[in-house]
Amino acid sequence: MSFKDVLSPFTAWKHLFHDPVSIRNPIGRAAAPRYRGFHQNDIEKCIGCGTCETICQNGAIDMVPVEGIQTKQGDSGLRPRIDYGRCCWCALCVDVCMTKSLNMSNIYTWVESDGDAFRFIPGVDKKPWDDAAHGYRRPDDHQLTGPTRLREHMPEMEPEERIGSFAEIVHGYNVEAAKLEADRCVSCGLCVATCPTHMAIPQYIKAIRDGDYDLGVALLYETNPFSSICGRVCTRKCESTCAARHEGDAIAIRWLKRHIMDQVSDEQIKKVVGQPAAPTGRKVAIVGAGPAGLTAAFDLAKKGHQVVVYEALDKPGGMTRFGIPEYRLPYDVIDRDVDVIRSVGVDIRCNVRIGQDITLERLKSDFDAVLIALGLQDGRGTRIPGSDQPMVRKAVDLLRRVTAGEDIGTPRQAVVIGGGNVAMDIARTLARLQKKQYGEVKVILTALEDLPHFLADADEIKESGEEGIIILDSRGPQQVVIENGQVTGLKTWKVKAIFDEQGRFAPTYDETDEQFHPGTMVVEAIGQMADTSLLGDALTEQLAWQRGRLQVDAGGRTSEAWLWSAGDMVRGPDVVSAVADGHRVAASIHAAITQGVQQ
Amino acid sequence: MRELYARLKALYPLGELTEQRKNLAFVTVPAAHLRDTLLHLRDKEGFTHLVLLTAVDWLEEGQFQLTYLLNNRALACDLGLRVLIQRDTATMESIHDLWPTAATYQRELREMFGIDFPGSPRIEEEFILEGWNSIPPYRRDFDTLKYAQEAYAERPGRVTHDPETHMRLQMYPGQHPAGK
Amino acid sequence: MTEGVHGIERLRGKTSLKEILEVATHFEESARDFYKGLIPKVSKRIRYLVEELAAEEQSHYDMFAALAQRTDIAAQVKAEIERTAADSKFSDCIHLPDLGDNPDDQAVLQYAMGREHAAMSHYGELAQTTPAGPIRELFVFLASEETKHKLELEKLYYETVHRGGGV
Amino acid sequence: MLDIFPPDRTQYPAKKADGTLDIDLTSGKYLKLWQGPNHPGITGNMSVELTVCGDEVVEGKTHVGYLHRGFEKLMERRTFIQVFPIVCRVCVPEPDFNEYCYAACVEELAGIEVPEMAKWIRAMILEMGRINSYMMYLGGQAGALGQGVIGQWTTYVRDLMLDRFEELTGARIYHMFILPGGVRDTLPDGFAGRMEETLCEVEKTLKDVYDVMFCNAVFKKRTVGMGVIDPSWLEPYGVTGPNARAAGVAKDVRKDSPYLIYDQLDFEPVTGQNSDIYTRADVRRRDVWVSVDLIRQILAKMPKSGAVMAPLPNVLHWQIPRGETYVRGECSRGEYGYYLVTDGSGYPRRINVRGPSYTHAMALLERMIVGCNISDVAALMVSLHTYPPEIER
């Protein structure tokens, strides 16, 4: 203690005439640029996936429908509404926003007497900070929803190896790789609406994460008895609406589905699928053992109905067997799915052609209901000059004959017309046959569409290229060139026109850009159509039609009460759509035959 | 840490040593040997600082784990003693005479977990939860959300929609919801 | 087909606007009748296509019939006009082909596109050689109608044949 | 050992050998008095139930629970990432230790290596928080003895530091910036310059505080020799931080078991000898100088660029294998630690927050308050620098 201790405190007086440091009115004080204030949401970018709601540990976010925002593929139509009575401004919602539509402005002062005003939908309920330039934006490497890219590319054979045989190219994930991929899923469920058969995608992906494969199989079979097949060749529309694609790659949903099926033994699958219900005494005849017919058969058999499936060819599977090459979908995989369908009591009779071996009339009188699911087994032709030559073939016919083990007279040089998956299938099949027979690949593929508009999967295009197939886009076939009665190639013109706003396309040609593609066989792989001749003239006339297809109600029932139709012939070509259709039709048939509507 | 474990193991029937870091390990001690082990560690091994005393509820296994975390400042290392006690009886010997501050931990454990420490000072006095009317709240079988919903009113006007369900109702109503 | 030969004869003789309108009217009429005659021949599943084509031609025929009733363009209608280059192609289409007993959708579409193409070029060139006025506007309108229709048919052809959308 | 915790104090209310109450409230000799929970001289939402004889305190019992939110239970019900925003709320004036300790526990059990850059930023944030916490303390300690002006000055520099927090972390009080995996973002442009200006302001204020508060006859009279913590009490009562360092023991986690990048910084723990209120205040004042120096060192030595977040798995279903760990740090009040137990699920099995106030404000305060003059209770309580929310969590 000293004299200084008495005087020193008075130095405080030196601040007496300093200006005050406090802000007189803090309302309107600009916050730091990265301040976490009221939310902003770009509602055009937002897809309503609800990840923000899931992460919010305060339960401050509700997903609500908004007038003027339609629920559509890849967008639930819901938008987040935030209750600022609960929000703690942690911005985890911004961190996990899959589209980066949700941000926070740096505005934090808002005076309002009505407490309920602090619960609003950012971006919809207009606020002064909607256009604020500053605020919290997720930094670039701040990634909380896992890697944006595929964790592991599907292991597959190298081009040099695969071109030499028809062995399956894709190996399938192992457990570890599948878990890593499954981990990327945010379980928003937007994909479920897009899947034609509405598979429980987030739930079966969760089953992979949890290692519960029996549950996985049970979930798959709820909606899809063709899971081994769809796990390989599905058109996977689901992946096109996956929330993860806004950040990077969509989740490899198709491969994950296959992974579940790969992990479980045939016996275990049959156990999980279970036994059919007690016999009902009702009988259903199904014409065509493709995905639609067999799915309907599976559902109906499980409900206890006696189901007989008639197949014209020697093996079941329809276009999955006779249209898709073995290297994409091995035949034993088809056998596996079909075997499970048989295990619930479905009686599949092959080599029976309805209309020849048994009449449709006969089925009508012997069964309580008849379903025709014929598929699209006839190829369309271009009908350009020269296309009536014998060495101008249809892709579907060739593929069917290759599956049947026939010799198709492999050409040394081939030209394929078409840009869809069937065109890729025949081109790659020919390439393999050429490699085997002649040691070199000489296949040219020409398509009307430009590459970005190809109907084929990107993988197919890429892999075809790797296998040595020359792909020429925007080429319109003009003429098959014949010399001395032999096909020597195809003449094409450049295609100028592009797709219009509705995605429709009317090709116009630039005649000055003509090319000649040499080949001793020209394969037309364009559209397909159904052969409905089994209906006979009288029934065809009797039935109602809708723009070239059988007119059916929502349940697939035709204008004739005893007859249903399903699959590609009604919906267009797609395995999983055919499966979905099979379910719908089975439900309709079940309702009809159990309510005694029939007879 | 290994040597220390070897020395202790010679004296007391200890469980396996879990080396979490090079300066942090956990070991299970039978309840009957806790006091001796603590005394030995405090007086012979330099573990004079009781960092914390807390409990973990292993509800599924019917046990409470009491964790006594001790620190040796000179060696900069920590040893956690795990004592597993029966969940239904939930009683443990008090160590307030070894570290007076333990009395506070034990009071809290009795209130929050329902674990009794007979003889601990003021053990029966309420600590944090005056007028508590349910089971000890830090037990795993106490449902916080359920309690809050019963005890407090929810602010009106809140409703949310699951995207997947909403899309089904909007886009394909009437169809069987998969996986639900 | 006697009707077709008859049509060419008629076209050759007449190059005044009035005559051209008459031929065009007949052209639409014969096409309508052609499609109508085709309706029972095709399978029921593609009948919609032929029915739509017949209805389209009927609407054009109705338009010409209404035109014939108008008096305000009577003077112009009598004027002589230059025979256009597309004329021959146009008349070729009046030469109606035989699509067989049971033509399929692709054949019908191919025929219809060819016909629309000829009509489009013909009306387009007529519009260019006709003096400004209501008649010219009529040709411009007809040309754009046929163009639209042709484009629609081309899209339909692409979707039916190339994208393989079903039957 | 037992002599510092006499047997007669283990039973409350204490009884004499004959079974009668040691403190007989009916005798008219004693008065029961509540200091808090609403009292200007109390450190936050707590209260002390005093029994006084004349103006001498004969017994004190700490009461907490006014701020109990059941954080440890709330954490058990949240996924690992969802715990991150609530941990900071355990301690209002110095929330960042919660964020750091929790993140470090999760990183350790999940096997995540934090990028170097993030460690430096974390250390800087912890030192910034320490300065702020001490500033609040200095204002409180002076205020408890009637010196309001100190609180005004320290609140001002604390606000300047909050500006720095705001521009770095995006928030002023609850920063929610240190999360498992690293930190949210890098330093904003020009941050070091503005930080230097703030540090200069801190230094200027510290000098003023020294002149007006520490070289002050009244302050010295009231605090020198008051509220002594006997060095032998440190271990029994679990005393850590400045409370221990003022008693001459250089306990400082930053030095004893260096975490983050403290082994790359040059500093010595601040100690004192007299262990009274004045010494504790002085240790804290000098500790601010250390923190100012540490921030300067960090800004000078930290990497110029680099990632601030480690790659995380998808946090929406993040599961951590079974395990347990404890991570500690040296906060402004002593040893702050998180004990995390995981069971392989997506949720923590148990989280225990070890705050220094837990021992300081309960057993230690109750021991020290006996014999104290009633007018010194506030100064004594504040001198232990306790924050009640970390007691009741």
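Every chain is named by a letter (A, B, C and D) in the order it is written, and numbering of its residues begins at 1.
In the analysis below, a contact is a pair of C-beta atoms (placed from the backbone, for glycine too) under 8 Å apart; a residue touches a chain by one contact, two chains touch by 3 or more.
Quantities reported herein were computed from a predicted structural model and do not represent experimental measurements.
Student: Using the stated contact rule, I'd like to know whether B-D or A-C comes out ahead in C-beta pair count.
Tutor: B-D
Student: Quick one: subunit C and subunit D, Cα centre-to-centre, how many Å?
Tutor: Each chain's C-alpha centroid was found; their separation is 92 Å.
Student: Per the centroid of Cα atoms for each chain, what is the distance between subunit B and subunit D, given in Å?
Tutor: Chain centres of subunit B and subunit D, defined by C-alpha means, are spaced 23 Å apart.
Student: Between subunit A and subunit C, tell me the centre distance in angstrom, where each centre is the average of that chain's C-alpha atoms.
Tutor: About 43 Å, centre to centre.
Student: What is the distance in Å between the mean C-alpha positions of subunit A and subunit D?
Tutor: So the centroids are 56 Å from each other.
Student: Which residues of subunit D are in contact with two or more other chains?
Tutor: As it turns out, subunit D has no residue touching two or more other chains.
Student: If each protein chain is taken as a node and each touching pair as an edge, is the resulting graph a line, ring, star, complete or other?
Tutor: Per interface graph, the chains form some other shape.
Student: Quick one: in the complex, what on subunit A touches subunit D?
Tutor: The contact residues of subunit A facing subunit D are 1, 4-6, 8-9, 11-12, 15, 21, 31-36, 51, 54-55, 57-58, 88-92, 96, 136, 139, 141-147, 183-187, 206, 209.
Student: For a test of understanding, state which residues of subunit B touch subunit A in their complex under the given definition.
Tutor: Touch residues, subunit B against subunit A: 155, 157-164, 166-168, 170-172, 175-180.
Student: Quick check on the complex: what are the subunit A residues that touch subunit C?
Tutor: Contact set of subunit A toward subunit C: 376, 380-383, 418, 420, 422, 448, 455, 504-507, 526-530, 532, 540-541, 543, 545-550, 568-573.
Student: Using the touch definition from the top, list the residues of subunit A that touch subunit B in their complex.
Tutor: Counting only subunit A, the residues touching subunit B are 48-50, 53, 61-65, 71-72, 76-78, 83, 85, 116, 119, 188-190, 192-193, 198-200, 202-204, 219, 222-223.
Student: What residues of subunit C sit close enough to touch subunit A in their complex?
Tutor: Its residues touching subunit A are 43-49, 105-106, 110, 151, 154-155, 158-167.
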